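Should a chain be cited, it is by its letter among A, B, C and D, assigned in written order, with residues numbered from 1 in that chain.
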Amino acid sequence: MNLKSDNAGPAHPEVMQALAEANAGFALPYGGDDATRAACDRLRAEFEAPEAAVHLVATGTAANALALATLAQPWQTVFCTPLAHIHTDECQAPEFYTGGAKLTLAGADDKMTPEALDRAIAGWPPGDVHASQRGPVALTQVTEMGRVYALDELRALTGIAAAHEIPVYMDGARFANALEALDCTPAEMTWKAGIDAVSVGGTKNGCLGVEAVIFFDPAPAWEFELRRKRGAHLFSKHRYLGAQMLAYLDSGLWRRSARAANEKAARLAEGLRGVPDAAFLAEPQANMIFARLPRAAHQRLHAAGAAYGLHEGPLNTGDPDDPLAMRLVCDWSIGEDEIDRFVEIARG
Amino acid sequence: MNLKSDNAGPAHPEVMQALAEANAGFALPYGGDDATRAACDRLRAEFEAPEAAVHLVATGTAANALALATLAQPWQTVFCTPLAHIHTDECQAPEFYTGGAKLTLAGADDKMTPEALDRAIAGWPPGDVHASQRGPVALTQVTEMGRVYALDELRALTGIAAAHEIPVYMDGARFANALEALDCTPAEMTWKAGIDAVSVGGTKNGCLGVEAVIFFDPAPAWEFELRRKRGAHLFSKHRYLGAQMLAYLDSGLWRRSARAANEKAARLAEGLRGVPDAAFLAEPQANMIFARLPRAAHQRLHAAGAAYGLHEGPLNTGDPDDPLAMRLVCDWSIGEDEIDRFVEIARG
Amino acid sequence: MNLKSDNAGPAHPEVMQALAEANAGFALPYGGDDATRAACDRLRAEFEAPEAAVHLVATGTAANALALATLAQPWQTVFCTPLAHIHTDECQAPEFYTGGAKLTLAGADDKMTPEALDRAIAGWPPGDVHASQRGPVALTQVTEMGRVYALDELRALTGIAAAHEIPVYMDGARFANALEALDCTPAEMTWKAGIDAVSVGGTKNGCLGVEAVIFFDPAPAWEFELRRKRGAHLFSKHRYLGAQMLAYLDSGLWRRSARAANEKAARLAEGLRGVPDAAFLAEPQANMIFARLPRAAHQRLHAAGAAYGLHEGPLNTGDPDDPLAMRLVCDWSIGEDEIDRFVEIARG
Amino acid sequence: MNLKSDNAGPAHPEVMQALAEANAGFALPYGGDDATRAACDRLRAEFEAPEAAVHLVATGTAANALALATLAQPWQTVFCTPLAHIHTDECQAPEFYTGGAKLTLAGADDKMTPEALDRAIAGWPPGDVHASQRGPVALTQVTEMGRVYALDELRALTGIAAAHEIPVYMDGARFANALEALDCTPAEMTWKAGIDAVSVGGTKNGCLGVEAVIFFDPAPAWEFELRRKRGAHLFSKHRYLGAQMLAYLDSGLWRRSARAANEKAARLAEGLRGVPDAAFLAEPQANMIFARLPRAAHQRLHAAGAAYGLHEGPLNTGDPDDPLAMRLVCDWSIGEDEIDRFVEIARG
């Protein structure tokens, strides 16, 4: 019963198989190999974006930091939420890669609203040499609390950005989980909704470590290549990134895995609704659940060896009688039986 | 007959096997897994350095840039040769990670001499606020031209650095090849010879992508951790780095693979001595050969499908009648028959 | 009636006189001159800090950015208020000079409270490689809304910082105005209250352009020198900075000028209390007043040629019937008659 | 007899007078004042460049670093000589401001030749993601050894740069001295000769501290403004920069002062030719002389209190019997009598 994170589970056998198959003979290094080319072509096809610039990197933070550095000038501010991974969990990689950009926090939680974005943008009036200059908006889809922006929510936000002529980046560490939640196409969730650049996560959804970065306007392609190399993120044996991503997309593995994870989370959420005094901190929509359970339930789960994150941040009051906030994440590999057992124990 | 680079060949089956075995169940992310811990312990044991700080990254450029950033202040200069990989082949990753350090070029080729280092250091007198401040010395072992510093050569250089109280970093992208060439222990080639920090390459010698960075004085361990995360080089599914490195060291794979590569290169060099008008640009000592062959030999090799690097830099005069300079690299996987066939064709 | 800013008025005649006197014959460049040495000695004496490291720069932003870069690592966060000059008015100079540090905003206005600082620090738990690391606290004295931290307020804040082993920097762009408001000594307002480093502004209080940066623990002195040079802020004809600062301190000009400015602001505040519907946004304590006046008062003042800042930020509701927020700043040079006339017109 | 540097002498009385006159009443801060506007207009007129972007800063290093950062991407290399001030005397300010650009050294001394530039550029072939990317060429006029590029020498260099589509920056710390040496117009020495951006030094030629940066294509104007502010080089009381520059150009003070300095240097050079065993390290063309004098001459000069720089770098052999290399710099203020006395003592 490991619900700690979708980065703690194993890679999918199909990905491992592809890795083994890629390991034959010589291949051009640094992305010149066939697997990488095929993976990038496949991404362009999946996104109905034949002109898009597509690049692979090995970590989600690299994807975010390199993409934002390409979109933001060092004297600009990125607009994101206070719970954005780029703000809370990347040890200032975005600040490092951008050369000192600022992150302006919009809103109060994981999900940006048009009002919050408007207010944040208004805080930095244009043309003022003393102020931070307006830079890209960064949205996380699935959000850090497991919620999903609906397509019209995305369009409302990207419309505001477009009115201010600032680009929008989507941190898609859990892109496929969002796709499944919305049951839409990659194009609908990105460029058709006004997104300028996106990362497409593989690592949390069955790969060992690979993410794609896509710019729908390919103009920054060469700059990104240089930034990736300068950031030491260009792999010499690049075929192993390409092979992962190709297997991930082939036969729809990315969506299959995401669907499996989402369904387990839905089953888990449904089960937890039956726990007395349980409460959700955000309505579960993808593969993550943020909830409060009574202390006794935690104790039973702990005794049974269940693993999950206890939220130490402002979600918990510190009052020892308070139900504790927890984060439960389902990856592609977790079994229904584990979910059911978790629920059973939680219910007591 | 692929002699293009040791980053173009496949990973070793033992490494692939270890990867598959590591892919079972859940594991703590971000380096908290067992494989990573075991790999780091093993490195400390191999280097007879029980206190050393050991970290894994996925690319050689990350190892170099992060290590140098940890050793150099932004206002300092690194001392390296004009052919150093950190100068010629990393798109200024060291400059990026250090926050703007300078690279002062010592000597004229791939191998630093005490005289060249003395002169370079003297060029930046201490205590001058206008000048670059003296920072670490960076040596590449095996050098970029395939030569190997003898232990007393290393000690002569590190002695100069120590006299100026500046640290010495060894870029060990081909560390095991150098070990085999010198037939010494890791400790002898590093801290016993005055080296302060070293990278130990796995990628070019049978791994998919893993390098270790070792600081013999562990004081900068936490700073390195932060720099690695901020550089987006901390892998969530870190077990796959750990598993590679562990397999690489286990049963002496690193030295076995390096020995195989060196022996093939020696056989190739021996064979090329029989080619009329052939000449070596540097005496081959490990797994790389820099040589000139007559144009006709190149044409025969090309027609036979041999793959290798033609040196476009200052090594070639541009005179169409001149023999062309080439780089031939043997990895662990190349066969004796390929070597022999290459030689045969070269001889005509 | 120019109340726009204390950086719009002229330099004090005593400073101009000193500049003219310094302009005789040759002087050692880059701070080796007598005036600079004397000014730094004088600052050490004024602050009762004979060991302190003292440096001069020409702009307040340079003082802030260089001091913070010396105190903060690139992976750390500075703690400041949302109205801090370093956050709102320096085009990300602190981010640039620190190499990508973050600014974490504590509290809701210009004045930090212990509760707000506690909460902000708690938001970045120590030992987490993914999080921003805790760095220096930055306080502005006089605050950006014209308020002054009392000595016990300072001690409460620096006590929290000390408990977390993080240093405290004071942005003293209006240092002398605060000294006068508190009627205390420089030592009492700084190191005796737990401040680790401070800038002492001259530019806004009668100089042409000079600020001192003082570290009470002189350990970072040489690093600061290198950072200042690397930032292009080391003046070759440094004597003109030294001469300004020396004249500023001599015969107590800094306190005399600040007292004059504070007194004018107090007279102005007193006068504005008589304007119907006037309100202060913050209780005036030094030389700046933030107030709301009825629209008609603004129209009369405008017609009479009065110059001052209209606050365009969140202080104004946008409702055209609302009284408008304004910033009124008194420098050393403004006359009592101008103040009185301003009040008279405002009263209508 | 102070020949140490043109940054050790006093400011010109006309500049001091202008400063005093500018010190009246209120003025818009941050460059919005009349003096700054007039100075920038005057520079555009002097350079026959009505569209040019013109900015003032207070130090030569700020001018160089900000201009290069505007022209170079962080992954590019600047091409300069090994004696370039930006390489040897700015504590890596260019590396800092550019975010990690490299300086590739072309040639062997202070003056770049077309051959050296060609070779340096060829060292970084385009389109290679691993290499440094080609960035701006930086020339110093007057060079660091006191020589002056003739107009056709400039055109030969800028022609090469143009063929590679890289811009050319001129470090004009002694711009007026070069103008006088060539007896040409500012336009002829800059944009008519293919220069894209230039700094025009005031500090070394009679001002307290002011330099202009001019971009003949004004496209980067706003970016430069942001970089200047972010670098903490935007002065609030900017009128004092404007007033200096305006006085400097008015009534031709810049050329008058430069002519005076050059003439003194020529007189000094002429005199030194009569010293037995004297030799020039570079043919004096402007206001700096690099020469060797017999040790006895140095002893006599030293005893008489003459001040000048003894070159400690590679110019001196270290052999105690060798004549010592020296740097003699004439500023606008040095008297003919001092020159004559210096020569007389040197001759013995």
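Criterion: contacts are C-beta pairs under 8 Å (C-beta built on N, C-alpha and C of every residue); 3 or more make two chains touch, one makes a residue touch a chain.
All figures in this text were calculated on a predicted structure; none of them were measured in a lab.
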Those chains which touch subunit C and also touch subunit B: A, D
B-D compared against C-D, more contacting pairs: C-D
Subunit B-subunit D separation of Cα centroids, rounded to whole Å: 42
Chain centre separation (subunit A, subunit D; CA means) in Å: 51
Subunit C and subunit D, separation of their C-alpha mean positions in angstrom: 34
Touching two or more other chains - residues of subunit A: 74-75, 90-92, 96, 99-100, 129-130, 133, 226, 229-230, 234
Sites on subunit A touched by subunit D in the complex: 30, 73-75, 99-100, 129-130, 133, 225-227, 229-230, 234
Residues of subunit B touching subunit D in the complex: 74-75, 77, 88-92, 95-96, 98-103, 123, 125, 129-133, 312-314
Parts of subunit B lying in touch with subunit A, wherever the complex brings them together: 2, 4-5, 7-11, 16, 19-20, 23-29, 57-62, 64-66, 90-93, 96-97, 203-204, 208-209, 226, 229-237, 240, 307
